[in-house]
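Look for chain A in each of the two complexes below; its partner is chain B in the first and chain C in the second.
Presenting the complex of A and B:
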């Protein structure tokens, strides 16, 4: 007994050591992943950084210039409108459907899964081309309304997986039957019983969709373009006008992505990490 | 479930699915089918034709497909190889905190594709980029003009940035599927590390590697924003060409744009289909 215990401890001690090849690989990985981002953060506060290894000085003037731009407020507002509307539309379209399939229409589950995976097989430019070609009549042609439809389709897998996982984790049949025996209709059960029970799933799906849509460039620029300019469009524009201001915009965009990712992680609680959600969504 | 399947029941059951189906039809399925149909129609007369596909043989479009396939294939291959090695290093890392940090980092960075990422690469590897400067001043090595972030080689670096962490996230569950008991039994049968990996480890990983390659390939093939920000007209890619046609920046025949879209849908469909098959094979191991 004692002997095996010491052996175990020895093994554990061995395991605790990090091998040289691991340090090399993980170090290179960290370098590759972090240097572009850190450099952009530094570049956005550097006065001049094209002749020396370290910046010649530091300043916040580019953030001033970035926020002074008349488009800054408008594009930020448009991006927020687009992301929040998409989250809302996505919740309204997906949550009741997934719930319904779970309790009443298990037969449709394979069809649902296929429909949810489909957007991954369609390049965003192709979706944009298809929508622009078929909806040519105003007020729908190249409208923000069409854009919202497109981004809901594009971000659907990110909402579906967390919602579906959360629904499977609770006993929705028993909850529904209990609600029905108390005389509640299916809508009331969904809103008052099911949704509170799957709330973490809804929240993490919503955050994923929010982050995806907030950074969306392709569909926005090709479907509506300048008529509904969002933050990523402004950023791309500035990469050609002023590099320092573009860096400030990139930093804002990275920071939002980090914050949302941390929130997803925090919401994802102990059971399911955001990364498994991202992978399973594909 | 009690069997309560009357016909009326079944109809009302499906009714609950209709709104979602209508949404998908409106914003996805019908537009795509309409697009596919349009690619077979003659401009003006509306008669059936294969001309749009024949016209794809123009050197510009052939080059676009070759560039896109090369870029996707190369970054997927680099992503799979490096991602698997890095994934294994992370998997064997003793501290759980560090493992969690690296997984979170992968999770965040794989979604960093697009304009901000493209610009970050200009900051470090542009003509006056940080690393470009460092190499010139300390190692006396001029990166330009042999390399350019605005070219094919630059795109590879930028694409690998989002491919690598995606592969790490994909491969980690596969490593968890290689059970310690197998390694122990192999050891007790006097197999060395090489024999274990050659006969057991790698065969178990193969479905995950194929799944990784196909998903990464599709991920790169469909990408647009990164390439749009970096190379623009300097390099032709399928997604860029389709984008120009929508924006009306080139006076090309719309029929060719639709034919291009259909061919890229087929390429994407094949890789996503292969991914689904490989991923379900891979799950057989990691589930246990």
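Presenting the complex of A and C:
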């Protein structure tokens, strides 16, 4: 009896120790990830923060300055236009393509996989300069259209991965055939059967693309520069003028990304819980 | 002219013949099974009828019209898949309504039809549920209802019961047959389960290596198999390889068999005589009958199967199995000497190849 009790205690102790180092590890990771964000938040409201550990005083003055900037509204608008257009464009390009390859053109799959790694392989600077060199005639030359095209290509892997995984998870082949045997054409099947079943994949793809493009700097700076100033461009500009205002911009940028993410997730979970509710109600 | 006709259908996958010169006529309202081992081309043939696979050669006509080049969604052919393939995002009711909506039926008619079809498969109470909330058997009945709701010209079933438990399988195959004959819908049923094929079909098409071995009623297939493959694939058959010796006899090793089928062969032809286990009777004494084979042997195994008991008998080195109903024969024990008795009609003779 005694033996088993001590054994039990030992086991419990072991469990606690394991839990202890796990917490430490997770804590260290969170600290590493959060410290820059927290510092940015604090810096955006600090009066002076170079002689003390904590800021000497707090103020919202920089947020005023940030929002008063004549470019604030325009850059914000441009960034939203760029991100949302890109999300829309990659949805329209990627979803039917991946679906078609999955059900009709399996042979093209390796090619598609390679294409989707390419954007990671080519340095952004090279991509931007090459595009600028090639597209020299209007309406593309150094235009937002060229930028959107470039950003769509650049962010494609972020849409491709989740969509492709989601399509593989459902038996899209048999579902398609079932739909066809019931008299539906491929387009109707895509809209009514495939898309609703890969919706979570579309959602996370959209989220990743939005976040990536909203923070995109290199392509925007090199392709359009001041002609189509986006939020990241304004932010970088202000790091040279006033660090606190730049921090305020960063915080605003974070917040927008957060809100949009939450919004997309909310739409996703709402459509899901709506269906579970109907299930439970009956 | 038959309702559904396949003529000289050929299909190869990367150079390998999968279906070879397939010819078949299916009468309206009948249930025809494609039966064969995996890889025999039965599913490929079914998918060509559905339009999911292209044919290399041949034509398919349905109700007098050539459908060879018609895309699957315009063929008016319903299909039930092994994996059910219900739309997970739609309720049972919406699943069944899908085909009717594609055909642009009016709304109230769709609602009425959905309820009728669900009543037919006895699952009206699941109308608002989602597929994942149903058992496998229920899902397959919904899939059947969905395929039937649009009143297709032909119904195709691709191993519909393979993913289900034995008990559900037997119950559901009876249900499929009941619905099929009450609607009088022309049906093609693919299976590798011979019992399933024999029990529900009007006609069975036995396939092997892309060829039709034999097509006929279940009784014909079972009682008078035309090839050795059919004889051994359908049910169990004892095989006595040997040569024809005289008018109606086959010599297999040290055993000389009386077999009426040997009349169709010439002396010295290499043949196989086949005898079904249930056609063999057991005698505990050597009592000869005219026109019967009486072969001595020793009981090596006794396996109880419920309705029958299967005896494994060593007859001069040849292993023979015999099914006996213990109720109306004398009990036998292991290593007992017995005599196998079967008539000359019971043993079929076919070329050894």
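The rule is simple: the second predicted complex is superposed on the first by the 222 of 282 C-alpha atoms of A that agree within 3 Å, B and C clash if a C-alpha of one lies under 4 Å from a C-alpha of the other, contacts with A are read in each partner's own complex, and residues count from 1 in each chain.
Methods note: a contact is a pair of C-beta atoms (placed from the backbone, for glycine too) under 8 Å apart; a residue touches a chain by one contact, two chains touch by 3 or more.
Note that the coordinates shown come from a computational prediction; the quantities given were computed from them, not determined experimentally.
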- Task: Please work out whether A:197 is in contact with chain B alone, chain C alone, both, or neither, and reply first, second, both or neither.
- Result: second
- For A:53, select first, second, both or neither according to whether it touches chain B, chain C, the two together, or no partner. first
- Query: So, does A:188 touch the first partner chain B, the second partner chain C, both, or neither?
  - Reply: second
- Given the touch rule stated above, what does A:232 touch, chain B (first), chain C (second), both, or neither? first
- Message: In the overlaid three-chain picture, which partner chain does A:177 touch, first (chain B) or second (chain C), both, or neither?
- Response: second
- Query: Touching A:62 in the superposition: chain B (first), chain C (second), both, neither?
  - Reply: neither
- Message: I'd like to know which partner A:72 touches here: chain B for first, chain C for second, both or neither.
- Response: neither
- Item | Per-residue contact with chain A, leading partner among chain C and chain B | B
- Item | Common interface positions of chain A, toward chain B and toward chain C | 275, 278-279, 282
- Task: Provide the residue numbers of chain A that touch chain C in the complex, in ascending order.
- Result: 170-171, 174-175, 177-185, 188, 192-193, 196-197, 275, 278-279, 282
- Task: Provide the residue numbers of chain A that touch chain B in the complex, in ascending order.
- Result: 15-19, 21-22, 25-26, 28-30, 32-37, 39-40, 43, 49-53, 93-94, 96-97, 100-101, 104-106, 108, 112, 115, 117-135, 149-150, 152-153, 173, 211-212, 215, 217-218, 221-222, 225, 232, 235-236, 239, 243, 246-247, 249-250, 253-254, 257-258, 261, 265, 273-275, 278-279, 282
- chain C contacts chain A in the complex at 50-52, 71-74, 76-79, 81, 83, 85-90, 98-99, 102-103, 128-130, 133, 143, 146-147, 150, 152, 156
- Touching chain A in the complex: which residues of chain B? 1, 13-14, 16-17, 19-21, 23-24, 26-28, 30-32, 34-35, 38, 85-86, 89-90, 92-94, 102-112, 114-124, 128, 130-131, 133-134, 137-138, 160-161, 164-165, 168-170, 173, 215, 218, 221-222, 224-225, 228-229, 239, 242-243, 245-247, 254, 257-258, 261, 264-265, 268-269, 272-273, 275-276
